[in-house]
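Chain naming follows the written order as A, B, C, D, E, F, G and H, and within any one chain the residues start at number 1.
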Amino acid sequence: MKIICNGEQCDVAADTLARVLLELGYAGAVVATAVNGAFVPISLRQNTPLKFGDAVEVLAPMQGG
Amino acid sequence: MKFYGHEPCSRLLLGTAQYPSPAILSDAIKLSGTEIVTVSLRRESGATRAGQGFWSIVRDLDVKVLPNTAGCHSVKEAISTAEMAREVFQTAWIKLEVIGDDDTLQPDMFATVEAARILISEGFEVFPYMTEDLVVAEKLLQAGCQVLMPWGAPIGSGRGLNNVYGLRSLRAHFPDVPLIVDAGIGLPSHAAAAMELGYDAVLLNTAVAKAVDPVQMAGAFAKAVAAGREAFLAGPMEQRDMAAPSTPLIGKAFL
Amino acid sequence: MKFYGHEPCSRLLLGTAQYPSPAILSDAIKLSGTEIVTVSLRRESGATRAGQGFWSIVRDLDVKVLPNTAGCHSVKEAISTAEMAREVFQTAWIKLEVIGDDDTLQPDMFATVEAARILISEGFEVFPYMTEDLVVAEKLLQAGCQVLMPWGAPIGSGRGLNNVYGLRSLRAHFPDVPLIVDAGIGLPSHAAAAMELGYDAVLLNTAVAKAVDPVQMAGAFAKAVAAGREAFLAGPMEQRDMAAPSTPLIGKAFL
Amino acid sequence: MKIICNGEQCDVAADTLARVLLELGYAGAVVATAVNGAFVPISLRQNTPLKFGDAVEVLAPMQGG
Amino acid sequence: MKFYGHEPCSRLLLGTAQYPSPAILSDAIKLSGTEIVTVSLRRESGATRAGQGFWSIVRDLDVKVLPNTAGCHSVKEAISTAEMAREVFQTAWIKLEVIGDDDTLQPDMFATVEAARILISEGFEVFPYMTEDLVVAEKLLQAGCQVLMPWGAPIGSGRGLNNVYGLRSLRAHFPDVPLIVDAGIGLPSHAAAAMELGYDAVLLNTAVAKAVDPVQMAGAFAKAVAAGREAFLAGPMEQRDMAAPSTPLIGKAFL
Amino acid sequence: MKFYGHEPCSRLLLGTAQYPSPAILSDAIKLSGTEIVTVSLRRESGATRAGQGFWSIVRDLDVKVLPNTAGCHSVKEAISTAEMAREVFQTAWIKLEVIGDDDTLQPDMFATVEAARILISEGFEVFPYMTEDLVVAEKLLQAGCQVLMPWGAPIGSGRGLNNVYGLRSLRAHFPDVPLIVDAGIGLPSHAAAAMELGYDAVLLNTAVAKAVDPVQMAGAFAKAVAAGREAFLAGPMEQRDMAAPSTPLIGKAFL
Amino acid sequence: MKIICNGEQCDVAADTLARVLLELGYAGAVVATAVNGAFVPISLRQNTPLKFGDAVEVLAPMQGG
Amino acid sequence: MKIICNGEQCDVAADTLARVLLELGYAGAVVATAVNGAFVPISLRQNTPLKFGDAVEVLAPMQGG
């Protein structure tokens, strides 16, 4: 299924946020997620289905001023 | 001085960006004695997972982190970013930055006040990046902010304190509110001057990270901030227009 | 940096006048880490012998003394005072001060150059108090001075650096001469700024002695001078007119 | 004999700088001396006669900036 | 430069308050060549009818009047005042002033923007008194303002331009919007500097009215404003750090 | 104010160098209303005789000429140059310039004072270019100078007034001596500020000659100098730290 | 009838804004009026009744900055 | 005869300052002269002999600041 992850097209097999994260290599990573601009806490990733064209953001700690 | 109940010994807050290397970042933070550092959230690649490495470096520093909403231009963006930051960094603290102009990175105070209200209602402890506007300050306090962070000059400009009069007025109007000069500081003398005005702390990044020797510069700023604070407490002399001999005239010989 | 072969660790020199009490003087000097203090010669009464007590206090501080010719208005006065100082303080060092105007205590550079020539021929090691005049500086060096002490502002005024451009030019013209900003400093940020310009040291008195808490202020200046020096060595960032984000824009989320 | 010491008239019995210093209470004091505006080192005090009206300066360490 | 279609020759706007006498007010306005003066509305006594006399004096000056909402602290007050002013002065022009702080008379930009929206919808031509905030400026323009009036310094302080950097940024961001520096000007050199920055006009009152000789000072400001404008148009030289001989070196004699 | 008995109406003196063309030079001088212009002496070629053309242009301007000794580094050079200038320009006036440093074109005050003594003994009327040194000023007056010309900033730098404090002190010490700020002026606001300090006149060259439109800039400076002078005479308001409403509060409506 | 005019108590016979203005000496004066904080244009003064306790503001041109 | 005029070598026939000026094209020019660093006023040009190697300066009005 085609979704957008961090601004880039990607084709994923999984259909929940949690599984997509695993599929895309985020296993065990300290990241926060948003779907279509709205924050999705860890607790809801399991039950957050993804559908064609959803925009997923996966963010991690980075340098900041 | 307390930031939402937390009372640091060091009055110097540092950013973590633009350092030549992670090692230099760590050494600079350590030498500075800083207890609070700012961080951000950026896109993580499942392949490189760069953020994970950065995060472990910061964790090893054993300092409090103040996540920012840098680069956000709308209330919605800022709020989503804050929510994600809270989960990742496990802190209610958020440096609220809603940019209104890209040349000066001046904050949009309308959006900042609105975002502050919402975030505080969600339980955040907000550190708002602001101009020196007194009315804005009042609104942010009414919204529930317990710390204010007026700019000294545009982010990364290193110009120091562009509007000393405005900063002095702000300090005078809110004697009991923790005030941090955030952004624009270029030299330790700028930081000392901010503290001499009675500001509670200084937050900077570029002036340290972009110095030829960031570690030594971090130490310099730590001393300057302490010096400015001590001078404020020690009660400086009055400036005079005319000279006044320091050496006593009385008893001078006739030669 | 060496002052006639002597290399102090501390780049802060302090005067010994105007302190609320001898105890506070001692504590201020000690806390500041100052290794060189200025003193003067004044008439001693055979009855009270006040100077003897002061002298024992200074001796106990175990610092180098730099006697001054404060209040002298002529070459002759300055030379006699210097000769007497050399005997009493057992040092060839002399802070040469020949005042030309009483409102600003501006030095008379004609008399100062002439006195410097004579004193150096008599074996003195002269620390001349001067304006920021480049030609005067050249003449004093030709006369044999190995240290120069331009003013920041009139003695006791606490105004800071009245002519930053002139001080910067002086530093640029004599990169290898030990330069001390002497007089006019009012706040630690002034002292830090002088050191950031590349000056080798700062000499002050009133700003510490007349502070509400001189001891704490002495500590503040010690930190500020060190901060300014370290900043100079660390190579500060370039000042910019426009802002430059410290937090990276790349990787910013779309929210 | 009337001389001027540190700007004040005083009447002294002694007639050398060294003895006048003792007479005026400077015994053992750390002081530098001048007569009529000219520095007189310790070594010469003994042999420095004072005459009527001479102006003597006796200086000691003092606060300075 | 046009203010809502009106193009004055003089770029100096003057207030009408605080003059020693009506005669001096008239003479000052006339000598200054000012074509636009600010006025206010105050309570009139049926017995003394003081306002009637003032009004006839102003009418005789044959200048455009710009009524203000001075002293208003709320949107409602400002709007009622504007409505009353429009009827009395028979003009759609209004200098919108909504004060947010009494020590600095800093405008409340939230209330000012809101009031501007309403007044413009009622057909007013609004001259908003503002800070140098870029985002506020954008909002006022969106609300329909065709002129902006940032402060130089607090009203009546005579401090000049407290934040030159901020004023320069504002000018740069809105090259085509008529910008008037309003308030805080104390000396003609301040007014000239504002015009050299590219501002279109200057509005002041106290600096003229409270001068020892208001009439002469009015003339001085008229010249200074014209000088600053002409300098802006004439394209000033670049400032340099080093000296550059004005007299040619080539051809210098060997003597 | 008189310069050796001559009382010009205009308080702006202009240099004649660096203009794009002779026509622009003439137009700028005329528009400025300047009555005194500075000129120099340079080697003339028997073939081209360029100086002859320049001289006829200046003569046509019908202004007083003030020849300078620009570029001279020694007393001897300055004196020979002055003697030659007196013959060529048929005037006893000489702008005495003895340069001590080539980067800042700072005058050598030792040589300047010596040269002034000699020239005055030869019957010259000396306009000495000097620093703001009070003692030097005193010596030049004792030498017989009846006008002093302290620098604002290095020649051709356009930096304005580098040491306002020093210039203010000089003015205060010599209230009755004609004082001209010479060199360093870059903008009309600088010139106005010098006049507001109480200086009697301003001499500049580069700021006009190197403007994009020198003629218009000449007019701007003429206005600014007059404005600053009138402001000085008119007695400016006192600067205040707090705001003070210009519009009366009394009688404000309750709305 | 007691009303408040320009912040001061006053007792008037008339009962419209227009008549009160005449009664209080504003005949022919260039003034703007408000009742209870709201602007009342000239055209409406005639038909603006005043009742006990109304707050009337009568404003005229004054010095302004 | 070789002299130096305005810093440049030149070979002149005349042997007084006045004649050299004519020879070098300064007839009627508004100039001031110096020989070997010393000012020579117009009145003395006639009687100022030039010898081999003399340095002559011929100066005219020029732009100045």
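Rule of thumb we're sticking to: contacts are C-beta pairs under 8 Å (C-beta built on N, C-alpha and C of every residue); 3 or more make two chains touch, one makes a residue touch a chain.
In this text the structure is predicted, and so the values were computed from the model without any measurement.
Looking at which of E-G and E-H shares more C-beta pairs in contact, the answer is the pair E-G. Averaged C-alpha coordinates give centres for chain F and chain G that are 63 Å from one another.
In whole angstrom, the spacing between the mean C-alpha positions of chain B and chain E is 35. Put simply, the C-alpha centre of chain B and that of chain H have 71 angstrom between them. Residue positions 6-7, 34, 37, 57, 59, 62-65 of chain D each touch two or more of the other chains.
Counting partner chains per residue, chain F has residues 15, 17-18, 38, 40-43, 68, 70, 76, 80, 84, 103-104, 155-156, 159, 205-206, 245-248, 251, 253, 255 touching two or more of them. Which chains touch which is summed up as A-B, A-C, B-C, B-D, B-E, C-D, C-F, E-F, E-G, E-H, F-G, F-H. For chain E in complex with chain B, the residues that touch the partner chain are 100-101, 103-104, 106-110, 113, 131, 133-136, 138-139, 153, 159, 162-163, 165-166, 169, 172-173.
The residues of chain H lying in touch with chain E in their complex are 6-7, 34, 37, 55, 57, 59, 62-65. Listing the residues of chain F that touch chain E in their complex gives 15, 17-18, 38, 40-43, 68, 70-72, 76-77, 80-81, 84, 103-105, 154-159, 186-190, 192-193, 196, 205-207, 209-214, 216-217, 219-224, 226-231, 233-253, 255.
Contact residues of chain H toward chain F in the complex are 6-7, 21, 24-26, 29-34, 37-39, 41-42, 57-65. Those residues of chain E lying in contact with chain H across their complex are 245-248, 251, 253-255.
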